[in-house]
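Heads up, there are several structures right after this.
Look at the two complexes coming up: subunit A is in both, with subunit B in one and subunit C in the other.
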Partner chain A sequence: MQGLIANLRIFLSGAVLSYVALFRWFEPIRYVASKIILPLNQILFFTLLGTFATGPQTASFYAIGNALQVAAISGIYGVTMSVGGERWEGTLIYLFGSPANRFFLFFGRAFVHIVDGILGVVMGLAWAALLLGVDLSQADPLAMALVILITTASTCGLGLLMGAVSLVALDTFFVNNMVYFLLLVFSGANVPLQNFPEAVRTFSYMLPLTRGILATRQIVAGASLAEVAPSLLGEAFIGALYLALGYSLFKSFEYFAKRRGRLEAM
Partner chain B sequence: MNAIEIRNLRRVYRATIGTLRRHIREVVALDGISLEVRPGELFGLLGPNGAGKTTTVKILTTLLIPTGGQASILGFDVVGQADRVRPRIGFIFGGERGLYWRLSACDNLRYFADLYHMDPDRSRRRIDELLELVGLLGREDEKVEGYSRGMRQRLHVARALLHDPEVLFLDEPTMGLDPVGARELRQVIRDLKGQGKTIFLTTHYMFEADALCDRIAVINHGRIVALDTPERLKGYVRDLRVIELEVFGIAPPVIDQVRALPTVDAVSVEDFEQKQILLVQSPQGSELIPEILRLLDTARVGKVVVREPTLEDAYVRLVGGDRGLAQVD
Partner chain C sequence: MNRSTLRAYLRVVATVFLLHLKMQAVDLFVVFTVLIQPLLIALLAIYIQRDKAPDIAIYLIVGSGMTGLWSGLLFTSSFAIRGERWYGTLEMLVGTPTPLGVVMIGKVLASVLLSLSSMVVGYLMAAALFRFTLYIMDLPGFLISLALTLLAFVTFGLVIAPFFALSPAVEGWVNALEFPVYVLGGFLFPILMLPGWSTPLSYMLSPYWAAQALHATSSGSGSVYPNFPVALDWAMLLLFSAIYIFLSGRLFGMVLRRAKIDATLGLQ
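== the complex of A and B ==
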């Protein structure tokens, strides 16, 4: 029991303090720019472009897709900064020299970004309703809350994997940008999945966000929680898979870095 | 039981060279070193850059896996029983990195206390004690980014001591500190020894090792070349005198000529902004001065002093003996 309490403390203090210490956008101007202005621009850009090309009836499709995709800003960039930041700060050797449980240490990095991501998605949906006239009146609030939570968490699962990659890769932001744009194109946020060939569609379903975006559109259209439950479970499974992959990579990194003497290498 | 035991420890790094035609070069950082450190001892490891000091500390702190040999802390193997070693040791590496600059000193310490499974009541008390010990009480709520280098280094010491470890590893702890900061930190190290901690210290500064350490091992090219008390290490050069010459713009060939003099044992050069100090070790002492001055014909020479050898001279003889010239930082 004492061990569990100690690990929960590592999880919670790591979650809060790593967010403050390592999330480089945690300054008023950068935060507003990255978490409010950028998502708003993205939603407006794709919705206006999409409705220009396909007509005003598709505004909801683009607005909801991009409002959910905003979760990737916290999930990918934020979580990567909170894991990879340990290397930039030179604190990684002190973490790996401590007896702290590596799972709680690693997973705690994503926690505040999940909360942050949820706020981002809620704000994105609010922009969609206020500025683009998306009708959310049919949505089941519980189903909506669950889909936002699960989708944000699963995106953070991918973020943890990218964070582990950032411990190995030299150019983290190049890889992160690539993943962010892959999600933008292949998660169904802006291109209907049925427009993709079969192989690409399969790839889309291997990404987080895809099922979450589908489920959100269904919920906005009036679907019940039971109707979207399979998509939500699928989204949660994909997120857990990325988290497991990220944790395995994190553990492998620790072992190989100690073996090869590259723990501090930038 | 010894606090630290090292047996035939070996570490080889593999470096990849070239972009298109890549080949692997092996660099031997530790070439089978053995030593023991007793409980409560302040043990110094001295050596030039690249001699293997930090590699040794990294292995002992479970941060690097050796390629051969064994090392144990308080009887626990640093590889196979790393989980049992980690709660019993504290360590700091020189330099300013390794702290969360955007957090306060207090938050830094609180987080590391959690990592070492300390309960909140104990960690609160311990943090207050340590802030007082390292002289940061009153500044603990300021962000680390506003701290001076010395304050950051003292915070490192507090972090390493949080969980009250039995064995402490200090890798060049005074590196880059101003003289006052370095002196304060040395006093903290003395206090820790007074509390019975086993301390493994690496340093470039001979006077520091001389003033602090019970025993010193000199390491060069990954091998221990001497291991003794500071006093007995000084005995290695008791037969010698050291001639110190202040010179302005000495050319490397002239240094080689001085080194080639038949009675010269070792030569080293300390570089300062405009001048160099040429240190010549020889059994001859002042009788050698005219001959050296003749060789320094074209260089401007300032003060010339003949003095008794120090630990630093013993160090120069030990690590520079094979080449006759050691560049001292």
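== the complex of A and C ==
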């Protein structure tokens, strides 16, 4: 019981403190710029680009896809920086030296970003409805809530994997930007998956977000929870897979770092 | 300014240009911003425009190249002086006899020229990967447009650099300024798609006139005034360059005041 309480404490304090450590985002102006203005403009840009090509009737396709893509701002940038930041701030050595449960410690880095990401997606969908006329009246609220939760969490799973990679990568921002834009291109947020060649489509289905975006479009069109359940399960599975991969990498980096005595420069 | 001073300034510009070009070319953040991101945007635009893409390929390449030019200019120029502050070299730079603005010309010129590579790489990708037939409708006009675009962007960079150094409060807005200019500049779709109230905002941006001139001369599209397609665009680019030169002179004066009289520049 005591162990569980200690683990929960580590999980919660790690979750909150790692988010606070990204203190710049707590300045209202930075938060507004990064989490409200940037997503809004991104949704507008890609929706206009899409409707220029395919007509105004497709606005909802692009608006929904890009609203869901907002999850990646918290899931990829936020989570990666929370994990990778330990290396750059010089605190990795203390983290690896502590007896804390590694899973709670690792997963805790993503927790607040999941909540933040959900807020971002909700705001993105609100922009889509208010500014681009996306009709959300047919959407089942429970199904919508579940798809947002699962998609944001699965994107954070990829973020945790990238966070582990950033412990050894030369440039964290390069990794972050690359993954973020690959999601933008290949997750189906902006391009119908059938437009891609078969091999690229297979790659798309290996990414988080892809099934979540498909499910959201179906829900907005009036699909029930039961109809989108397979996509949601797939999205959850992909997220769990990335989380497991990230955790394994994190553990192996710790093992090799300790063996080689190169904690700060693995 | 006499001839020997001018020669000395040009030598500084050339030295800073080469040094900055080398530094930027190996900076992965810059490489992503000016090379990979526009390439991915071009790829996205090609897949979105799937059926029309072969016919408007040059429009997409130029438009996505413009996104690279703007992002490169925004991120590198906004960091041009702040970067010196971070490295602890700002005071030394301000203390040298060469004006800070002259040093910054070399830095911004290197960034803008490096950003141009996004258009070249996009062109190569469209030709090699998608086998599109690409040709520029009016090559001399396009080259003149490109030269004026470079002038307008370099002078714009000379406004951005001191502005961000003077206003730490707006530093947090850098990321948020990237996409609005993609939209208002009409890089990849005409601004006619935007609500009417935003049109004056587009007219106040030199990237808009640059995109107009480059699109009109490369693919014949995007011109609002068909009778004299690029003359107005060129005139506006020259006008904005003159305004930016005037503004940057005032802003650099304020930067020097902060550095030399108030002694607060390095502390922000």
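One rule holds in what follows: the second predicted complex is superposed on the first by the 261 of 266 C-alpha atoms of A that agree within 3 Å, B and C clash if a C-alpha of one lies under 4 Å from a C-alpha of the other, contacts with A are read in each partner's own complex, and residues count from 1 in each chain.
Everything that follows uses one rule, which is that contacts are C-beta pairs under 8 Å (C-beta built on N, C-alpha and C of every residue); 3 or more make two chains touch, one makes a residue touch a chain.
What you see is a predicted model; the values in this text were computed from it and never measured.
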First (subunit B), second (subunit C), both or neither touched by A:A240: neither
Partner chain(s) touched by A:Q42 [first = subunit B, second = subunit C, both, neither]: second
First (subunit B), second (subunit C), both or neither touched by A:S98: first
Partner chain in contact with A:G14 - subunit B first, subunit C second, else both or neither: first
Which of subunit B and subunit C A:F173 touches, first, second, both or neither: second
Intersection of the subunit A residues that touch subunit B with those that touch subunit C: none
Subunit C residues touching subunit A - in the complex, by the definition given at the top: 28-29, 31-33, 36-37, 40, 43-45, 47-50, 52, 169, 172-176, 178-180, 182-183, 188-190, 193-194
In the complex with subunit B, residue positions of subunit A that touch it: 3, 6, 9-10, 13-14, 17, 20-22, 26, 89-91, 93-100, 105, 258-261, 263
Residues of subunit B defined as touching subunit A within the complex: 11, 13-14, 55, 58, 61-65, 83, 86-87, 89, 91, 93, 95, 97-103, 107, 110-112, 114-117, 119-120, 159
Subunit C partner contacts - residues on subunit A that touch it in the complex: 24, 27, 29-30, 33-34, 37-38, 41-42, 44-46, 48-54, 170-171, 173-174, 177-178, 181-182, 184-185, 190-191, 195-196
